[in-house]
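These notes open a run of structures that come right after.
In what follows, chain A forms one complex with chain B and a second complex with chain C.
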Partner chain A sequence: MVDTRKQWKAWLYLSPAIVLLLIFTVWPIFNTIRLSLMEGYNSTMAANPYVDYEFPFGLGNFTRVLEYPNFLTCLKNTVLLCVITVPISTLLALLIAVGLHSIKFLQKPLQTIFFMPYVTNSIAIGMVFAAMFNMVIGGSTRPDSVGIVNNILEALGFDYINWTNAGSSYGANLAVMVVYIVWNALPFKILVLLGGLQGINKQYYEAARVDGTKKSRVLWRITVPLLSPMLAYVIITGFIGGFKEYSSIVGIFGDTMGPAGNPYRMDTMVGFIYRAIGKQEGTASAAALILFGIIFVVTMINLAVSKKKTHY
Partner chain B sequence: MAFKKKEATADLTDSSAVMKARNLQQTAARQRIAHICGKTMTYTFLLLMALIVIFPFYFMIISSLKTTEEYRRSVPTLFPMEFKFANYLNVFTDKDFQFWTLFRNTVFVGVVSTLLSLVITVFSAFAFARLEFKGKNALFAALLGTMMIPGELFTITNYQTVNDFGWMKSYTVLIVPFLVSVFYIYLLKQNFMQIPNELYLAAKVDGTSDLKYLWKVMIPLALPSLISITILKMMGAWNSYMWPRLVANDDAHKLITNGLRGAAFVDELGNTDYPRQMAAVTVVSLPLFLVFIFLRKYIMKGVSRSGIKG
Partner chain C sequence: MKVVLQNLTKIFPSRDKKSNQEVVAVNDFSFEIPDGKLIGLLGPSGCGKSTTLYMISGLQKPTSGKIFFGDDDVTELSTENRGIGLVFQNYALYPHMTVKQNILFPLENLKGKDKLTKEEKLERAKSAAKLVQIDELMDRKPNELSGGQQQRVAIARALVKMPRVLLLDEPLSNLDARLRLQTREEIRRIQKETGITTVFVTHDQEEAMSISDMIVVMKLGVLQQIGKPQDVYDNPVNLFVAKFLGTPPINVFNGAVKDGKLYIGDAAVLETPGVADQEVTVGIRPEGFELEADGALECQLSNVEVMGRDVSIVTTHPASCNVTIRSIIDADCKVDVTATSVRYNLKPHKVFIFNKETEERIYF
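Our next item is the complex of A and B:
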């Protein structure tokens, strides 16, 4: 039987964590739901000591958010970035992990290099990517410097592209974001997949070798199925992270989240929520709950699919 | 079918044993060529990808050492013609960037929040791992459940809460709301559970107090996890951007990432002076490089279980 003195002790040890969690985690959950159901709630009006505002109860915040063009832009950007970057980064990470696993010479140094982007500041390195894609506009018709990425493109025989400067196209902006997000997402995925590969029994590969199975067939018929739990894991965490994309965009485009003359073009759902904080809490809460709903549904779908497709 | 096949093989052996040997040799040679081709392709792919991964770092460092004129050349140089170390000197003296203030703020917030967070995490993990109390499992499950919710959802209310507490533009607002991390509690609890319970019971029999046992036995044994938590927490302070921008973006409390993104680094004409900016980015990235070089294994230990940064 658990003696009461010990019970009391356990709660004492847990008390700092519980108090802080109650204030900064549990209360926000209830309050966000409450605010999202108070139509048009904003703290400035609510704090007005002279007027007692009544915010009608209802789903108005949700319907208003979904009709808001800015929010739809954010939703589109977020979904596009997710849908494009997660498959690309997962496939690249898989190929790199399989490649790394199959070699001996240079394996450790290469592994170290591939892990490097993980331990970085996404705003700081975003600024480096911005510089790589940026054109330095001079007086002439052609920019002084078209940026290192364009230099490489020109060396390969292509025309230079206006990636992030004023007047750049949405597609070009999106491409820059995709490159940066994939670059950023690779190390974690490689780490997890490589760990998974090292846990696969060598016997399967021996058997395939004896049978003279083709390399690509070994990859898709043995490695991928046996790696499926890890693949499911990196895809799910990739989607969750992707829906919360924000700081990588600030890193590239700055606080305006878009090229010069086109602010907030690359804005995301998290960006939308952040800008509504302290001003339009009702809308922000509704948007946050929608974001949570999307992440929840996508994760459930991923789990359901991976349960069907995951072997063993 | 099987019979027919046998006949065919018999035919082959009849025709000549020499031919068969040659066939085998050819197959072996073909396999060897395929193997070499495969290895070459693997290495080419890996080296190319490694080049892409490492290039931004290289670009950052060479650009930080170039003169503005050299950086703006239409045909770029892949190595600075002359090193302009003044770019780095500028990072530490720039009136707009205020490196030392930002550095001091960030280190202060990082150290204090790490220490407090470690204490809270150790006690909570100990309670979950070693003590028995009513509703333990339900409480732990509820804690893990909160990990699913995106942090932005909490931020809306937390902004109001810290405002009501009168914490705006202070160190408190940067430290207190994030002291408890369910993930750290989880990580440490798992680690504590691996320590045999007999040690605890033996210590109890000897009359050792919980605190002494925690300090003398559990903390030393769980040190790698505690180091992982320390590094992740410090990196969290160094890399945090959104929350500080909302609640403490004044000059006295600004953190390093906000300072870096906010500073202009422009020349007299108002154009961005990229070499100076890249020097600042390099300086801000340097501590992270050092962590990467010396403490990589601790981070890898933490991240492979979470998928989150900081």
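Our next item is the complex of A and C:
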């Protein structure tokens, strides 16, 4: 047992952190729950010194979120982006990490290159991506610039694709987002997996070599199982991050979150919440709690699956 | 399968660029492992035993020299085509697979005409497991096994594809003393039963002596002596080998040869006809001493340890290179424990003399 005096000391040392957590984490969570239960809460009205509004207690904010026409679009986009990008980025990160781990020459510079997106502002990356995919329409018939991606398509003998401009298809918009999000998600995953790979005893590979194991078999039968705790971590955090997708879409489409003429087509849950702030905080809080609920359930499922699938 | 190493050399480039210190891990190694024998590769830590083993396995390429399996030159052959089984020092069992899956793993890699049906694989895995007596544990994971059981699984995994040569890298070093004794007998039995040519690496001389048909003693990458354990013990070619083999270790003295006689201190202890006068290093096995009231060598008595069958007498002498001298004599000989000194005569075949500089044996 730690004696009482020592405990006091421990609390004293912890107090700065606890105070900060109370102000910036615990109170906002509590407040979110409070606001979500105050029907029609709105900060402008609440701050009005002349009128004393009473916001009735109830679940009205939640039903309002669900009835909001754009909400389903947000939910669909968020889920779609998650479900598509997390497996792709995880698989790519795995292959890149294994590749990086197995080479000696150029390993360090390549590592740096793969790590660049991690230290670059995501809005800035978004703008670069937008430029890569964008068509700048000058004349009436032919675009002046079609973006580097279309240049490549042209060189390969394909037609241009309208990726992000007015009149672009939902599929094209989604494809751009997937490429961008996957690329942006790679560095962290590569870093974690590379760390995991470095922790695997080399002798497993020597043993496999003595037995003449094919490279692909080594990857799936030895590397992946031994890496499964890291993979589970990367997938779970990937889903959590995916459900919070927002700035990447702003980076590419601007804050209309969709191509010109089709605003909010790529809207997400967090986008929904942001836009409700300043107008309908009650609704925003309710939406935030719904998002929290979804992430919580998905993470629980992830954990349950990974408990079964991760080894030792 | 006979294994022949011919002028085998392995040089590792220096680790950091500043000091141009290459490591000659194995230096001009030549010897032949007869078919079906178990040989013990013996030497202190860092002398290049593992490197030699890895070169035989094909995991490492020799800098120069050749390796033959039978009459085939396998120097350039990749490891999976050599047909070897390798047991690593820490077993390297795949932690996420059960014992059965571990043992099956090498068989599942076979392709082409060697490919086995599912039943054949299971059959082979079962008989390998039976051989090492782990057939009860097939569904456990490695972390649910004791060290000794893991060790057996590793051997079963190495044996299951019926290798031409079995290589064991310090296979007993992770086991406790009792299990080590038991397991080395086990390895000997398995080797005898299968008749597979086996190389057994160890830094423990007792281990090597007890199970090997032949031992190869190495030091700093250089082969010192090769032979039957008893022959090497009875006839070490240099001081290093003499010191490395035997428990308790050999007693070393500063001595001199004068007029055909070996002197330790002022005492002429042996006739050494034909040896030129010189300073020498003398090695005397613990069992080379005979208590004798008028013995030639007088030592100060410090302790007598009765060990049942034998008596171990601990003494000191000014010319001794070690702090104490330990002799082992028959328990029937009566020792006066109150005396301050004892006198010994020496058994000539248990006394070796070595050149003071080169530490090579001087025969007499």
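Rule of thumb we're sticking to: the second predicted complex is superposed on the first by the 284 of 312 C-alpha atoms of A that agree within 3 Å, B and C clash if a C-alpha of one lies under 4 Å from a C-alpha of the other, contacts with A are read in each partner's own complex, and residues count from 1 in each chain.
Basically, a residue touches a chain if its C-beta (ideal position, glycine included) is under 8 Å from a C-beta of that chain, and two chains touch if they have at least 3 such contacts.
Just so it is clear, the structure is predicted and the values come from calculations on it, not from any experiment.
Bringing the complexes onto one copy of chain A puts chain B beside chain C with no clash. In the superposition on chain A, contact of A:Arg217 is made with chain C only, not with chain B. Residue contacts after overlaying the shared chain place A:Leu92 against chain B, while chain C stays out of touching range.
Of the two partner chains placed by the overlay, neither chain B nor chain C lies in contact with A:Tyr53. Within the superposed three-chain model, A:Phe158 lies out of touch with both chain B and chain C [touch as defined at top].
Using C-alpha centres, the superposed arrangement gives chain A a vertex angle toward chain B and chain C of 60 degrees, stated as a multiple of 10. Of the two partner chains, chain C is the only one touched by A:Pro225; chain B is not. By the document's definition of touching, of the two partners only chain C reaches A:Tyr204; chain B does not. Once both complexes are placed on a shared chain A, the shortest Cα to Cα gap between chain B and chain C comes to 5 Å. The residues of chain A shared by its contacts with chain B and with chain C come to none at all.
Contact residues on chain A toward chain C in their complex (touch as defined above): 201, 203-204, 206-214, 217, 221-222, 225-226, 228, 311-312.
Residues 57-59, 79-81, 84-86, 88, 90, 92, 94-96, 105-106, 109-110, 141, 143, 157, 161 of chain C touch chain A in their complex. Touching chain A in their complex are the following residues of chain B: 38-39, 42-43, 45-47, 49-50, 52-54, 56-57, 59-60, 63, 71-76, 119-121, 123-124, 126-128, 131-134, 136, 139, 143, 146, 148-161, 163, 176-180, 182, 185, 210, 235, 238-239, 241-242, 246, 257, 260-261, 271, 274, 277-278, 281, 284-285, 288-289, 291-292, 296, 299-300, 303-304, 307, 309.
Considering their complex, residues 2, 6-7, 9-11, 13-14, 16-17, 20-21, 23-29, 31-32, 35, 43, 92, 95-96, 99-100, 102-103, 106, 110, 112-125, 127-129, 131-132, 134, 136, 138, 142, 144-146, 148, 151, 183, 186, 188, 191-192, 195, 215, 233-234, 237, 240-241, 243-244, 246-247, 250-251, 254-255, 270, 273-274, 276-278, 281, 284-285, 288-289, 291-292, 295-296, 299 of chain A touch chain B.
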